[in-house]
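Below is a structure I'd like to ask you about.
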Amino acid sequence: MNRKLRMGMVGGGKDAFIGAIHRHAAFMDGKIELVCGVFSVDPQTSLESGQEYFLPANRVYTSYRDMFENESKLPDEQRMDFVSIVTPNHVHFEPAKLALENGFHVVIEKPLSFNMEEALELRKIVQSSGKILALTHTYTGYPMVKEAKHFVESGKLGKVRKIYVEYPQGWLATPLEQTGNKQAAWRTDPEQSGMGGCVGDIGTHAANLAEYVTGLKVTKICAHVNIKVENRLLDDDCAAMLEFENGATGVLMATQIAAGEENNLKLRVYGEKAGLEWLQTEPNTLLFKPIDGPAQVVRAGTGYLSNAANAYIRTPAGHPEGYIEAFANIYRAFTSAVYDDKKGSLKPLEQYDFPGVDDGVRGMAFVKTMIESGKSDQKWLNLEI
Amino acid sequence: MNRKLRMGMVGGGKDAFIGAIHRHAAFMDGKIELVCGVFSVDPQTSLESGQEYFLPANRVYTSYRDMFENESKLPDEQRMDFVSIVTPNHVHFEPAKLALENGFHVVIEKPLSFNMEEALELRKIVQSSGKILALTHTYTGYPMVKEAKHFVESGKLGKVRKIYVEYPQGWLATPLEQTGNKQAAWRTDPEQSGMGGCVGDIGTHAANLAEYVTGLKVTKICAHVNIKVENRLLDDDCAAMLEFENGATGVLMATQIAAGEENNLKLRVYGEKAGLEWLQTEPNTLLFKPIDGPAQVVRAGTGYLSNAANAYIRTPAGHPEGYIEAFANIYRAFTSAVYDDKKGSLKPLEQYDFPGVDDGVRGMAFVKTMIESGKSDQKWLNLEI
Amino acid sequence: MNRKLRMGMVGGGKDAFIGAIHRHAAFMDGKIELVCGVFSVDPQTSLESGQEYFLPANRVYTSYRDMFENESKLPDEQRMDFVSIVTPNHVHFEPAKLALENGFHVVIEKPLSFNMEEALELRKIVQSSGKILALTHTYTGYPMVKEAKHFVESGKLGKVRKIYVEYPQGWLATPLEQTGNKQAAWRTDPEQSGMGGCVGDIGTHAANLAEYVTGLKVTKICAHVNIKVENRLLDDDCAAMLEFENGATGVLMATQIAAGEENNLKLRVYGEKAGLEWLQTEPNTLLFKPIDGPAQVVRAGTGYLSNAANAYIRTPAGHPEGYIEAFANIYRAFTSAVYDDKKGSLKPLEQYDFPGVDDGVRGMAFVKTMIESGKSDQKWLNLEI
Amino acid sequence: MNRKLRMGMVGGGKDAFIGAIHRHAAFMDGKIELVCGVFSVDPQTSLESGQEYFLPANRVYTSYRDMFENESKLPDEQRMDFVSIVTPNHVHFEPAKLALENGFHVVIEKPLSFNMEEALELRKIVQSSGKILALTHTYTGYPMVKEAKHFVESGKLGKVRKIYVEYPQGWLATPLEQTGNKQAAWRTDPEQSGMGGCVGDIGTHAANLAEYVTGLKVTKICAHVNIKVENRLLDDDCAAMLEFENGATGVLMATQIAAGEENNLKLRVYGEKAGLEWLQTEPNTLLFKPIDGPAQVVRAGTGYLSNAANAYIRTPAGHPEGYIEAFANIYRAFTSAVYDDKKGSLKPLEQYDFPGVDDGVRGMAFVKTMIESGKSDQKWLNLEI
């Protein structure tokens, strides 16, 4: 199909953070164009944003319901192909549902939904709709994360025994939500975020990364969930001891009150033969630590990587790729699936290697179990979907 | 002007490296669309590339002369606004000249031209044409390089005394040009690269970075220019001792035969009160080293940066931006100038902070002086434009 | 008192690891000489070791009981002043008890004893003897650890909220104890190590470091204690969630099966105003992370450190000091106390800033609580002494 | 010979820097004891220093001439075995000469002497005396430097092509010598230091390290030698381009005015097959960079090192050794030679792997050539001994 895919957007007004990232990521590879959107609950902001994105006024909507209905009636050569939903958590489910029901593919920010019920319902809708849903667990888009997964799969670590994943941030070390900061406000508001604060915002990323790389599911959780900043309504700090399905154990730490930390997601996996380490702030490096020789600094863009990583690399070694490229890789994989779908040759989704609705359901189950464990006197709770 | 800028391209076929980077960079911010191009000397490759980029066949050309002529005759609402020239060095001058003479703005890969004469001629053409030319000295697009420049300008280092700039690569440590590698082939061919190999390819980046950050011009050079790999026709290694206009001294090292190195451009500047250090492979960090206190890890995306850096940052701290974003920043600044030009409100070009034709002329003078010094018994040669 | 202090030694034969470290550390500052010892349970090894250390045969003993008795009868100008006990854990209590009862000061490897009962008993003996006991929790000897403690004490972090301490090693990732490795053999043997393996060997170091730097006591533990290598008799891996007395929470991770890891003790402390980070493998650096400015790289040997650190620094900045120097710092502080004692001017022991019997008792309580928690279904256990 | 070696000392009073380092280093391994010394030109300081080092008053001298004469008359079982000379450069030659002539072995701080003439004369005296002289080019004592040398020797790099060695310090970025700082005062005084300031103090270390690791001699120098701080009498900054005997080329940078730098000696060597990198501030790591695979982090204390390194390692991996241990390794090798000499089984000195008088002569030739090149209009000067 010799044209760009046409993207609509829910959320992502001109001053929003994650919406801008989605656009950078979607545009980078030259295969997606923005054709319509409802960029804000405020019609004026939505309109101004649309102008800034060079959209004609008739493709800037004031409600997503209108957008899906109108777009679905447009002729083939104009109609949007998919929608990116980049609103706060409480406005994930409904637009996603409507989009799918109107025949559009969906890209959606994590977490999948506001609560577990929505997640399970959405999974059903995806399945019945036959449409494609991608969930932007961005960090799995990094080439060296894919290389790490490849290392585990190909047996370079031996049987996995120990998994440490941590995600310290510091931006909520003060009561930022009381200063007019919008990012902080909705993330600390149970009405918009759901039952998890830190757990949902970044804990889910950490859990997803650990499961993605190791291929092992968390089975049991013993969590410590805290509110560290006075008067905050949702957790801003958590830790958990984990059990995995093969008998591996692990520790997950996520916090938003680690003063001075930025966005230091880090994964360490240890097997019987070797360990590996990956740090999001230096994403082009994967440390591989064999038990009996020097650690190896495996680097993006080099000639010795697996196809799993190479498919997502744009630059030669030493030309750093970053967060936006990782994001763009999710879009790249999703785009590939959508093109195949349009050609009628869609393969099983797991072959496209992007996070989808099942990851979203697991994420919500993780949040639920963490929060429950945090309140429980019982040491271990099962993580069940 | 409420539309995207329309880009044409010379070079950048589907298998080329730097052309793809230009497109990623140009597209990322959503303000540029590719509308036409001549992507290869081979018409078939050009056509296939155009298809891959979703261009209509009538906008895929077989010669840049044709392209400029045809495009200049198109109506306002279709005609390209600027051309990106991403061919090897010997095909920089003519397309740039023709583009300017046909009324198009130009983005051009460095070095500006094949030799000094072309560079001087091109400068004249730019000046007489009134068009805008941006030269992709990518590394000056990094936000933390801009912050470094800001540190020097605002006096945080005191008077600059010592400048070390180094650029070790290892990819030409073997005779790669004899294996069919196109990148290696043209870069080591005097007919395509000009008088400098390593000096022109990466030495110019190093010199440009040092001058950009410190605001000081190199005045004298004492160079050592070497061919390390047998049968190679151009230098693959160089070093130079430098004098700068304020009395500062420096050392420049650039090599392509440093086995195992990737693309490790690094700048260190020392003043009377402090030093600073920036490394391209970890571009979101600027080390600031005051004489009497702990070194400071200045980071992209934080709240304490200058406007000079902030204008070029897309993500919050800890979400790494990389090489493509730096590249996109050159395009961002260039785009801003072009929009202003279209509105009739173009400011003096230095206010847009992107490398232009003067940097290109200096770069060619640097190459010439380096090569001459390498062959000379005289210790110091003046770097004159 | 114008002479070196005279050290005896229990353990530390010519092939032992930690005994050699004790001697390097004790000798480095030129204030301690080795005068006698029982270096092995094997008399021949003990004798040969003594010869290697240039001791006369009559000062090389075959039992510590003999040594203490004989030495106590020697004239003042010959008699040892203190004994260093560097045997496996099950041979800590008795020699320490006998030494103290015979009037000798004691340096003893951690953990203090084989079990809690011995620890409590030893504390009584120390108190009643009036002698000085130093426990080599080496890591608190590092100058930058002392600077970290100073940072917390002086309020630079504000109220401490979160503490992460981790100690990954990889040397027991294989069943090394079955290969004749002595270090591995006794450390994995409950008859020699006591109830804790990894918990006692390195978990105690981690807990001690966290409490030392923050000045906060662990009050509650929720632990996960594992045996990862088949047929091993003691834990080789543990993790715990912690509560501290001021409401701070924390996570402790210690493992000996992290394939490829060396000895990567790391402490991170986050307060309301700033965080800090210290890593044992790069011990001359302390990262200080204020909430509103660049992280600071605080370095040993610089001019801006506190007296707390400066008293333990031998070299100017950039001349790295290491593990043996940290060890020597414990001896330096202990030596200072012994000299004062001999002069009759001993100050309260906490002013000398070395770990002592109370730290040892806490360490044994930590081991006990960790092991119990690991077996318990109850989520949180109190850490009580 | 079953006793410690007996050391005398010239210089190294209680407030001196490098003398204290020599003592820590000499004592650490338990094979050397200090028996006498002249610790200062001021008799009172010398006496007080001797007391602090627990020496009897009759072994504390007021002139080195007296010391050598008296000591040489003492009976075998008391007489010092060797002297460590730790005075400023202008007081190296005479005490060394007298010591050797009186039958004592010598350890001497670098540079070997005040000027080239003294160096050549001293070499003759060493040769005729049959005594052993060690020169404390400390950095060659680091185990990972020895491993680096082993890597080159064993062919892991292939033919060496490029050598970068740099030594930036910042402590003389201000006119510290005018503030009463003794270290700064003598180092910037041509009457005490000789013809080189920075060149002699640290440039020689850099050159020695490069030659030691690569086994290649510098043959030609093109130098830039600067005084950066006003009114200073000796160079505080230098750089040089180098040629080596096998055709390799290199760059040497040494400066004492790099504001904020500590003591960052760094060596990089690139061959046809691989590169290596070693940094003094993180001395337990050697980076090995093969041309076709991941860089390897070769670490001290691991099981895979060569004997060359292992002979100088005291701790297992992850227990950092530092500058004092490197210094102690020079003493360790020297001690080994002296013991063999006493047993009548001295091997050729190069087998003991410590720097000696030939290194000292080369060092002085390096200083002389650098200074001459700095003043010369001729591009390249030969480095001749």
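Chains here go by letter, A, B, C and D, matching the order in which they are written, and residues are numbered from 1 within each.
Keep this in mind: a contact is a pair of C-beta atoms (placed from the backbone, for glycine too) under 8 Å apart; a residue touches a chain by one contact, two chains touch by 3 or more.
Note that the coordinates shown come from a computational prediction; the quantities given were computed from them, not determined experimentally.
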| item | value |
| --- | --- |
| Classification of the chain C:chain D interface as same or different, half of numbers criterion | same |
| Chain separated most widely from chain A, comparing mean CA positions | D |
| Averaged-CA centre spacing for the pair chain D and chain A, given as whole angstrom | 55 |
| Centre distance in Å when chain C and chain D are each reduced to the mean of their C-alpha atoms | 34 |
| Chain A-chain C separation of Cα centroids, rounded to whole Å | 44 |
| Multi-partner residues of chain D (at least 2 other chains) | 261, 288, 295, 299, 302 |
| Partner chain D, residues of chain B touching it in the complex | 157-158, 161-162, 164, 166, 168, 170, 173-174, 222, 224, 226, 228, 237, 239, 241, 249, 251, 253, 255, 257-261, 268, 270-275, 288-291, 295, 376-379 |
| Parts of chain B lying in touch with chain A, wherever the complex brings them together | 2-4, 17, 20-21, 23-24, 27-31, 34, 51, 53-54, 169, 171, 261-264, 280-284, 299, 301-302, 314-325 |
| Chain A to chain D touching residues, read off their complex | 288, 292-299, 302-304 |
